[in-house]
Structures are given as C-alpha cells and as structure tokens.
Amino acid sequence: MWSQGRITLSPRARGFHLVTEEVERGVPELDRLAVGIVSVFIRHTSASLTINENASRDVLRDFASWFDAAVSEDAPFWTHTLEGPDDMPAHVKSSLLDCSLTIPVADGRLALGTWQGIYLCEHRDSASGRELVITLCGEER
Amino acid sequence: MWSQGRITLSPRARGFHLVTEEVERGVPELDRLAVGIVSVFIRHTSASLTINENASRDVLRDFASWFDAAVSEDAPFWTHTLEGPDDMPAHVKSSLLDCSLTIPVADGRLALGTWQGIYLCEHRDSASGRELVITLCGEER
Amino acid sequence: MWSQGRITLSPRARGFHLVTEEVERGVPELDRLAVGIVSVFIRHTSASLTINENASRDVLRDFASWFDAAVSEDAPFWTHTLEGPDDMPAHVKSSLLDCSLTIPVADGRLALGTWQGIYLCEHRDSASGRELVITLCGEER
C-alpha cells in the first residue's frame, strides 16, 4: 500500500517546535498498516525536521541556543547576505538537521520511542507555513 | 516483501561504537532480497546512529573528541540541566547525527561501501541497551 | 515497483556542488511512478549528500566556509592523521551531513521544493568520482 499527501504546518516563530500531532493528522491511512515506513519531507531550505525529546520546553529553547551559537549570524565569512543575516545560517542549520525523516510504522502507529517527538526547526526570523510531503508505504493489517 | 524486528544493542560506554554486525544479525531476512531498503531507527533521544569509517579505532575516538568540543557541557546557555550535564549535549548530538539510517540492499546484503560501518553514538555517561526498530522492504530474489 | 542502479559522479574539487541533474539521469524509471520514494546513498565516508538552496553559488561557498571553520583541520585532538589533515575532518563532516537522502516521488518527478537541489559535499582535497546507489520504489502510474 502506498499513500502520499501534503500538509502545510502553521507558521511558527524562529526556534524549535513540537509538531508530532500535526504530522500524524496528515497521515490518516497510518492505522491501516501492520508494518511500514513513513517518509516526512520538508520542501524548504531554511527550515528542517528532526526527532528529539518531547517533554520539556527547556530542550526546545536549548536547541535554539546551541544552533544560534554554532552557526553565528556574525561569522566573518558569509557572502550570501542579500536575504538578511538569518538566511545563510538558516541554510547551514537546515542541512545539519536534515529535511527528511524516515519513521517506522508498527501496528498502525509511528514506532517512536516514549520520549521522541517530531520537531519543526524554523530557522528564519519570519516565515510562512512550511509544506511537508508525507509518503506512507507498507503492508496492510 | 516487508519485515520488521526490534533488537536491543548491548550497553556501551559514552562514545562511538561499530555495531554493523549486531545490526545485520537483527535482519535475518536480508538474504531473501534482490533489491530493497533497510530502515534502522533508534528509539532514543540521547543516542544516535551514523555511518562512517569501519577500520580505525582512532576515528571513533576522534569523533568523540569533536562532538564533545563542539557541543560542550559547559556552555553557558543550557537551561535543561536537571538530568545531568551530559543530558542536553546528548540531545543536540543526537539530532546532529540523526536517529535513523536508510541503507540500500543489493543481492541479499547491505550495499555499504568497503569502508562504511554502522556506528552507535552513545552520548550519555551511563546508559542501558538501546532499542532499534529495523524495517526491511524490497523485492525477493 | 522496485529498481536500483549505481552511478559514479564525476570527480569534484573539495567543496559543495549541485548534482541534481546528474542524480536524476541515474533514475530513468522515475517517470513511471505515480507515488514513491527514492533513496540516494553515497558509498563513502569522506563525502556526503545533502539538500539545500539551488540558485546561488554564494551558498555553496558559504557552506564550505562554515564546515571548514567548524571542523578545523588544526584541532589539537585529532589522532587519526595518517591519511592527511583533511581526512579526519572529512569523516566528521560526512556524518554531520549524512550519506543518504530519502526523497518523495510524485507524478513521475522528485517532489523537491522550488529552491531545493541535491548537493555532493566533497570533503577531501583530492578525490576520484564518488559512487552512488540509487534505489527507487513506488506505485506505477
């Protein structure tokens, strides 16, 4: 069984945001699968997806702090600056974190660990909703 | 053909560890496939998976050195510190390295390059065995 | 439908290079799929793949600047130095950026965003052509 859909995540402020439920609502056929895989792909180069701790808001904030420090807007070597100081760091952060997730499906559900959630990583100061392509494949129950 | 299993890697010290054989033993159906894909997913947020050089122990040690320096426990901005100084750096390292691998299968084997091996990246000072979900799909020989 | 092929990218200088068209030419069956997934896997540990901005040469150069600064050849902790000062940084960069891409297919085409392209990230000073395994699966139109 194959299925594919597109959803647009609601716009978020710069930073890291839990979007597990928003993604799951984009995959209504999930519960038909016994075993499978979901591919979640973000169609942008200045926002990304990752999986991490789903319980503490502290963690989301600390992610932003680390990435802002590690990929500084003030680095002397940036040359692609026409779209603002947050643009080139956003591209680098996107590739460090990746634009796609591949998540196993078991018994009609994402087989995430207890503490795992899906993060939208919004790297621009101001962005509109981000588009995801969600592709599901597997064996029906 | 679809198949899925779970294995628990034996507990490892903080650092980087080659686990290719442990993972392959978790996929007994591999040799039935002519062409396919294996998804390996770690159900944790303070350990991760990557593919890198499989021959030198030096490389494993240097990975640990770089990640410990780049994601310092002493950074002044951490606020999520309740679970110990190694916890928040572990989360960031996990997302830099990723919780999943997608590996092609050819002629019943993982189509890894000669020098490629699977690393378990253990970011906590002390952790129990890490659980993997391994999902296999493809065309039988 | 499953299909798999191998291509060798032409050798590139150290740095970041757009290879979207070279990869697409390696997947002639793409246009037969209504819905699917392409896995692109590089069989090396000192070069990697990522998806990022496809329009400005500035961005490619700034990627190289950031990665060269963040994973310095001069770091005091490297012990794996036998293969040259660019070797160990190449391994770390490869794992930060990843050796595989999973890209959704829609209506016979890669479902990339308007600004997304595939980068070959060549981390060695001197390298020969890099081998990719491209695996395609999905539902035919």
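Some notes on this structure:
Chains: A, B and C, in written order; residue numbering restarts at 1 for each.
Rule of thumb we're sticking to: contacts are C-beta pairs under 8 Å (C-beta built on N, C-alpha and C of every residue); 3 or more make two chains touch, one makes a residue touch a chain.
Bear in mind the structure is a predicted one, so any value in this text is a computation, not a measurement.
If you sketch which chains touch which, every chain touches every other chain without exception.
Different-residue interface: subunit A and subunit B share under half of the residue numbers found at their contact.
If you average the Cα atoms of subunit A and of subunit B, the two centres end up 20 Å apart.
Multi-chain contact residues of subunit B (touching two or more other chains): 70, 96, 98, 102, 137.
In the complex of the two chains, the subunit A residues touching subunit C come out as 2-4, 39, 41-45, 70-71, 75, 77-80, 88, 91-92, 94-96, 98-100, 102, 131, 133, 135, 137.
The part of subunit C that touches subunit A in the complex is made up of residues 35-37, 50-53, 56, 58-59, 61-63, 65-66, 69-70, 96-98, 101-104, 106, 111-116, 119, 137-139.
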